Amino acid sequence: MSNKDFIDIDIAKVDIQRSERNGYPEVIYGEGKTADQIIEISKVLLSKDKTVLATRVSEEKISEIYKAFPDAVYDKEARCMSLNKKDTKKPDSYIAIVTAGTSDIPVAKEAAFCADVFGNNVECIYDVGVAGIHRLFACLDTIRNAKVIIVIAGMEGALASVVCGLVDKPVIAVPTSVGYGTSLNGITALLSMLNSCASGLSVVNIDNGFGAAYNASMINHL
Amino acid sequence: MSNKDFIDIDIAKVDIQRSERNGYPEVIYGEGKTADQIIEISKVLLSKDKTVLATRVSEEKISEIYKAFPDAVYDKEARCMSLNKKDTKKPDSYIAIVTAGTSDIPVAKEAAFCADVFGNNVECIYDVGVAGIHRLFACLDTIRNAKVIIVIAGMEGALASVVCGLVDKPVIAVPTSVGYGTSLNGITALLSMLNSCASGLSVVNIDNGFGAAYNASMINHL
Amino acid sequence: MSNKDFIDIDIAKVDIQRSERNGYPEVIYGEGKTADQIIEISKVLLSKDKTVLATRVSEEKISEIYKAFPDAVYDKEARCMSLNKKDTKKPDSYIAIVTAGTSDIPVAKEAAFCADVFGNNVECIYDVGVAGIHRLFACLDTIRNAKVIIVIAGMEGALASVVCGLVDKPVIAVPTSVGYGTSLNGITALLSMLNSCASGLSVVNIDNGFGAAYNASMINHL
Amino acid sequence: MSNKDFIDIDIAKVDIQRSERNGYPEVIYGEGKTADQIIEISKVLLSKDKTVLATRVSEEKISEIYKAFPDAVYDKEARCMSLNKKDTKKPDSYIAIVTAGTSDIPVAKEAAFCADVFGNNVECIYDVGVAGIHRLFACLDTIRNAKVIIVIAGMEGALASVVCGLVDKPVIAVPTSVGYGTSLNGITALLSMLNSCASGLSVVNIDNGFGAAYNASMINHL
Amino acid sequence: MSNKDFIDIDIAKVDIQRSERNGYPEVIYGEGKTADQIIEISKVLLSKDKTVLATRVSEEKISEIYKAFPDAVYDKEARCMSLNKKDTKKPDSYIAIVTAGTSDIPVAKEAAFCADVFGNNVECIYDVGVAGIHRLFACLDTIRNAKVIIVIAGMEGALASVVCGLVDKPVIAVPTSVGYGTSLNGITALLSMLNSCASGLSVVNIDNGFGAAYNASMINHL
Amino acid sequence: MSNKDFIDIDIAKVDIQRSERNGYPEVIYGEGKTADQIIEISKVLLSKDKTVLATRVSEEKISEIYKAFPDAVYDKEARCMSLNKKDTKKPDSYIAIVTAGTSDIPVAKEAAFCADVFGNNVECIYDVGVAGIHRLFACLDTIRNAKVIIVIAGMEGALASVVCGLVDKPVIAVPTSVGYGTSLNGITALLSMLNSCASGLSVVNIDNGFGAAYNASMINHL
Amino acid sequence: MSNKDFIDIDIAKVDIQRSERNGYPEVIYGEGKTADQIIEISKVLLSKDKTVLATRVSEEKISEIYKAFPDAVYDKEARCMSLNKKDTKKPDSYIAIVTAGTSDIPVAKEAAFCADVFGNNVECIYDVGVAGIHRLFACLDTIRNAKVIIVIAGMEGALASVVCGLVDKPVIAVPTSVGYGTSLNGITALLSMLNSCASGLSVVNIDNGFGAAYNASMINHL
Amino acid sequence: MSNKDFIDIDIAKVDIQRSERNGYPEVIYGEGKTADQIIEISKVLLSKDKTVLATRVSEEKISEIYKAFPDAVYDKEARCMSLNKKDTKKPDSYIAIVTAGTSDIPVAKEAAFCADVFGNNVECIYDVGVAGIHRLFACLDTIRNAKVIIVIAGMEGALASVVCGLVDKPVIAVPTSVGYGTSLNGITALLSMLNSCASGLSVVNIDNGFGAAYNASMINHL
């Protein structure tokens, strides 16, 4: 690899070597960027025939982006956008994405959108939190047959430990900012997941559906 | 009980077994849900003739919900909504709900609304914080004659300890986010209550009037 | 009640009215007190024929206390001591004390010791944490038949939510300092329990087996 | 005042102007200093006929210090030492020092020792915490007749608010590190006191009996 | 005093005994209250010929309040309102109010407004923070001649320590939320003030100009 | 699976179903347990011909354990013990374990010991932290050829991000408690890793070499 | 220097001695000030022929300020304004300003604007974070040839350590609030930078481009 | 530079390129290392004729190290050791090291020891904290004539701001863990320094005398 493998457009040094180095092209983190910056970076990536994936793209920004890229694919709940997605063959195995509650669904949608762009089959199971644990048991076969499992939960995040204690596959836990008061915007769920009494759990940042999908996709492609 | 006792409507797996298992039907936490989601879940519960209780329902959402359920009962201060409330016989005993200040009243209203839906008599006593402790002593008989007591306080939350030291009934303390600066949005009141020098106090999440009512109702129905 | 109902021994104003006011005599918190101070206060309580209960009494202190009170009853794991325990009739119902792991047993022992002194029957169930959740289901009848349930757990504290979602009795959760790193000496378990997605949970201070027993006893005696 | 008003002994620049500037001579904070350093600084102060006051002096250190100053006055509970104390006339008014519990007494002793060295009459009232609030009411006259009141409490620190709501004198609150778990070594009591619903409270650092005495003495000498 | 000395208007139990007990009538904390609630409580206080003082009254609320009380005195920067202020004789001594910067002035205005209502002369000195410490020395005589000093500072709050090291009067420090990033909305200034190396400092809650004025007024009236 | 698949020895309910459910037998967390408890639980596992793995076993405890199990395999740096390890065929692929510094080696040893017991080949690379980043590049081939990578770092934990940006395999980051002051016993490294700008990183608890090995082994066995 | 070297305009005591004492005139921190206050203070500085520099000036405020000073120089991204900038000779050496990502550019712009006003040459290098570390190596010569280096990064802030390990010049690290969840608004990047394993790093407040420029300018002018 | 420029001794990859890259050889952080590890790494550095500097070396470890290197230079207060120090010419300018109190001296000693090994003249000024600010003014010329200033302070750390407001040289602030209660082991001083109202301050980790010396030395050698 060469130190020259990027394109400098002043506001960014677009890394065009990343797909070779990391398996996927550079993903655009949309939150701190203007619509114009997202468009500029996308153009560079497209000029090299890379798939574009941008996360945390608000509805305000996408309306600007549509003007530049009318064929952009956007999911409002996931807040994700893609361009130039390739029809590569997906592995037969799938990633299970499991949420504790209805309010955790947007994070699951982000994970599912990204996992799809990264070339994975996905099975989503919503609202099986431990307040009604029989709902989880009803879905356990689908979870157990996945190659890797993403568990998404806010509040006390107990679902991650419970799932992890029932499977023999790697579990990636995503704490969400769902809750109030001492949920501390997701810190409580995060701490809970890091201290799981069940073994084999690893954790990503709060509301980081993208990161979980990236990690899970790497595992699913092994 | 069976793992099949829920109704899957994609965005939620509505737990229709909960009244058998936990004594009350599933309660809808309104904060992270859209008005449409609340309506959908309510319809499922009503289809099984369950009482619907939704908390943290904003005025924006209720105006949508009224279109679907014109007979919804809504309390603006409590931010709670109910449907299909049953006229079950209440226990003779009552729950005392005590607040330290005027600003804590909305949390008390949530607790009172929920306790009523759960089938309890309630006595509310507002603004008896320790800055003028003689106000508390004037109301002590009503508090002592309750079967269980909910104390709601923000700032330093001292009222919970003081009440607990004066009664022989279980006291459930609810810290509120009333205050500023080092009140830390209710963390200070919570910590204070967890460290009460008076014995017999238990604590719920900040501003969690619903949870306190749920716990108190269980005790009141023993 | 009178403002004179205490005995002043300089280092303490022993509250001899507490059993009338709160249902139980004053309990001695042993941690910040010398053996001599515990002995002095005990003598005052005994002079009024009160039952003495002291918590957090180390083995060093008890060896001193035995010299003054050879018939003191002491449990090394519970770190609790009692004197002059009365043979009052206990309610038929019982308190279930449930722990997530083996390391949580000392806190359970404190809770059980205190609950016994307060005049309660107790059923203890150890090591049913969610890493092997079938162990919990095997014990569920014993838990469900209790009048009130104490759940004791460290690490992520998920057991409290799971138990609470399966019963129709009040659940008192006790976070423990079991764990390391981000368990934060029990803060994580505490936060987890305060944010339980299951309704009806209330929480006491970290490792506070005594407080949970006190609260549970009040409920059990209703 | 002159920039030259100190004596430089390398390890310290002893401030010999402080009694003129601040009303009292420099006080030695003993915790981070060796016995030798305390002795050296004391000698400088004595060479200018200043009263020496050292706080947080452990028993190990005082045994060294006694060799240099056999007439040092030391209080083991207060962990304070004084030398060359002057018989100045004290104001007729007094400082009330009130503790919530027995375990808070060492901090009260530090406050009382310092207040005495600063030339004040003191009334100490121990163990009147809100778990048995009638004990406080029995002592209220002594508290109300003070010119300034120091309230010392750990755990939830509620006593400070309660006292403050009952008097028309300035109240200085001292949080103590008494407690466990979420008492956070005194942080909880501190936060509680800073958020008192009663007006007129000011707060010093955790376990800072000295600072409270210093502040109270200034007020008592007005 | 009697437990009956309050007027119950449901949303509040207005404490009409407070001026006798604490030296000043009940002050209305405006932040958590509606304009209507402030008006209702004010009417009760006025019916007993009490002076009304309300803090943290926004401009939106005052425009409502003016309709009920056209002669209300309101200071926009201080966000304080008073009614029925009495012309009592003020002590000859004064309170010095000192700020570190221009941005701290609103808190100083709150303190000054309240101190005036409580019957005190006040001297305000703005913008003498330690970045240009010669400005402080130029004003030192005014500060030293006060009976009690309020120091108001955000950011690192160093001014409080510096002033305290230069005077022989009690210093009340008010941390402000001025700053960004690690100023943590005033927590840093608060911690700094609690750990002052200069003796005799006491501290109130962040931005609590009212509390500082209340405490200072008590001292000034001794 | 059956709810009966555990053996109850009072202090523990040993989960003998775990290898079927999770791929590995129950692992003993040694920190909160006495040597006797570890021995008792080991005996139960051995009676079912399970491999025993115990982590966080101090040297004091192992000397007791050796009496019961003279053939116990113990690694002093790793603080891990195993019994009855099976000679199962390992996958050809390997786990790379990379540390930032020399002080992180004990956590790496725990990870390596556990990974070996779980049936994995391991390559360890120590002391390639970013202060001398050329050391990392010299070892990059070994890291890139692994199937999964564990990065162990204290202080600022930057190595995890740097490695993750250079590979196309899943990276599990283990923060360590190496550092002082604001390293906050590993919290800083943990936060750093959770916020990696490189994608595909997941994180376990501080100093949790075992958990990282467990997760990596699951991936390596896919 | 004299204690009289300031101009008192009530809302501020403008320090006109600062350029002599600190090397640069007083800089106006715009965030807590109104447009009017900024204008007033600017007029005083201009009356003494000082250069005016104001930071954190929003677009709303600048439109007011333009009315008073039509020739004000304003950079929208940097949120900085200057007046009466002098054409002093700059040192030949330059300050390198390096950012990890595109979202960190506004802080870099603040640093660059201020460094320029302070009389420095600046080289800006954007978006060389460790997710694509070859971009950094491509720019290393420019960084190494600087006299002092400012590294600006959010998220995990790893770039600061990496740069610091590659150069022999002082590195000033600026954490930014870029990130989400456990980035804690920049606290994580700050902690990371304070614990750098590379030596020679010093740190300023979150998003404090101004402070870094000030410090760097002092070094560049040595 | 080459990726091969280190010597691999298994427990460490000793960086022998660091003096060329960073200006000084690799420094050994002694805290997490055994005496044997320190000796091994020292031998490698000596084999390349590098100066050895090890920090945070306890007295227990040095007694072992003396056996291997009888001519090791060790300062007990500084806890630092050096070997093979070179007599290079020092710059004429000097570094001023200033402490707030006597208890901060050990950190100053570490800074002075390291600065000397790095080839710098140093002037130390102890105990000039703001409680007696005239002591600082008496030493101001020595401070102002330095090329770079290190300010070391615990408690509220106000000295750093005051010094910084009085000089036109870069100031590096070192918070110390001196204090108790809310000093939070140095966090308070750190936060205070990061929020200095005086410009031009940069900060290093708590008690990090070494880091401050390293940074100051780089500046002093410019």
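Each chain carries a letter (A, B, C, D, E, F, G and H) given by its place in the written order, and its residues are counted from 1.
By definition in this document, a residue touches a chain if its C-beta (ideal position, glycine included) is under 8 Å from a C-beta of that chain, and two chains touch if they have at least 3 such contacts.
Here the structure is a predicted model, which is why all the values come from computation and not from measurement.
Note on connectivity: the fewest steps through touching chains from chain D to chain F is 2.
Taking CA atoms, the transformation carrying chain B onto chain D includes a rotation by 180°, reported to the nearest 5. With C-F and D-E as the two chain pairs, more C-beta contacts join D-E. Taking each chain's centre as the mean of its CA atoms, G is the chain most distant from chain C.
If you average the Cα atoms of chain D and of chain G, the two centres end up 44 Å apart. Distance between chain centres (mean CA atoms), chain B to chain G: 50 Å. The distance from the centre of chain B to the centre of chain E, with each centre set as the mean of the Cα atoms, comes to 35 Å. Each of residues 101, 131-132, 165-166, 181-183, 187, 190, 194-195, 198-199, 205 in chain C touches at least two other chains.
Chain pairs that touch one another are A-B, A-C, A-F, A-G, B-C, B-D, B-E, C-D, C-F, D-E, D-H, E-G, E-H, F-G, F-H, G-H. Per the touch definition, chain H reaches chain E in the complex via residues 100-101, 129-133, 155-158, 161-162, 164-166, 179, 181-184, 187-189, 191-199.
Those residues of chain A lying in contact with chain F across their complex are 21-24, 27, 147, 165-170, 172, 190, 194-195, 198-205, 210-212, 214-215, 218-219, 222. For chain B in complex with chain A, the residues that touch the partner chain are 1-6, 10-13, 15, 17-18, 26, 29, 31-33, 37, 41, 56, 175, 177, 185-187, 190, 205-208. Looking at the complex, you find that chain F touches chain H at residues 101-103, 105, 126-128, 131-132, 134-135, 137-138, 154, 178, 180-183.
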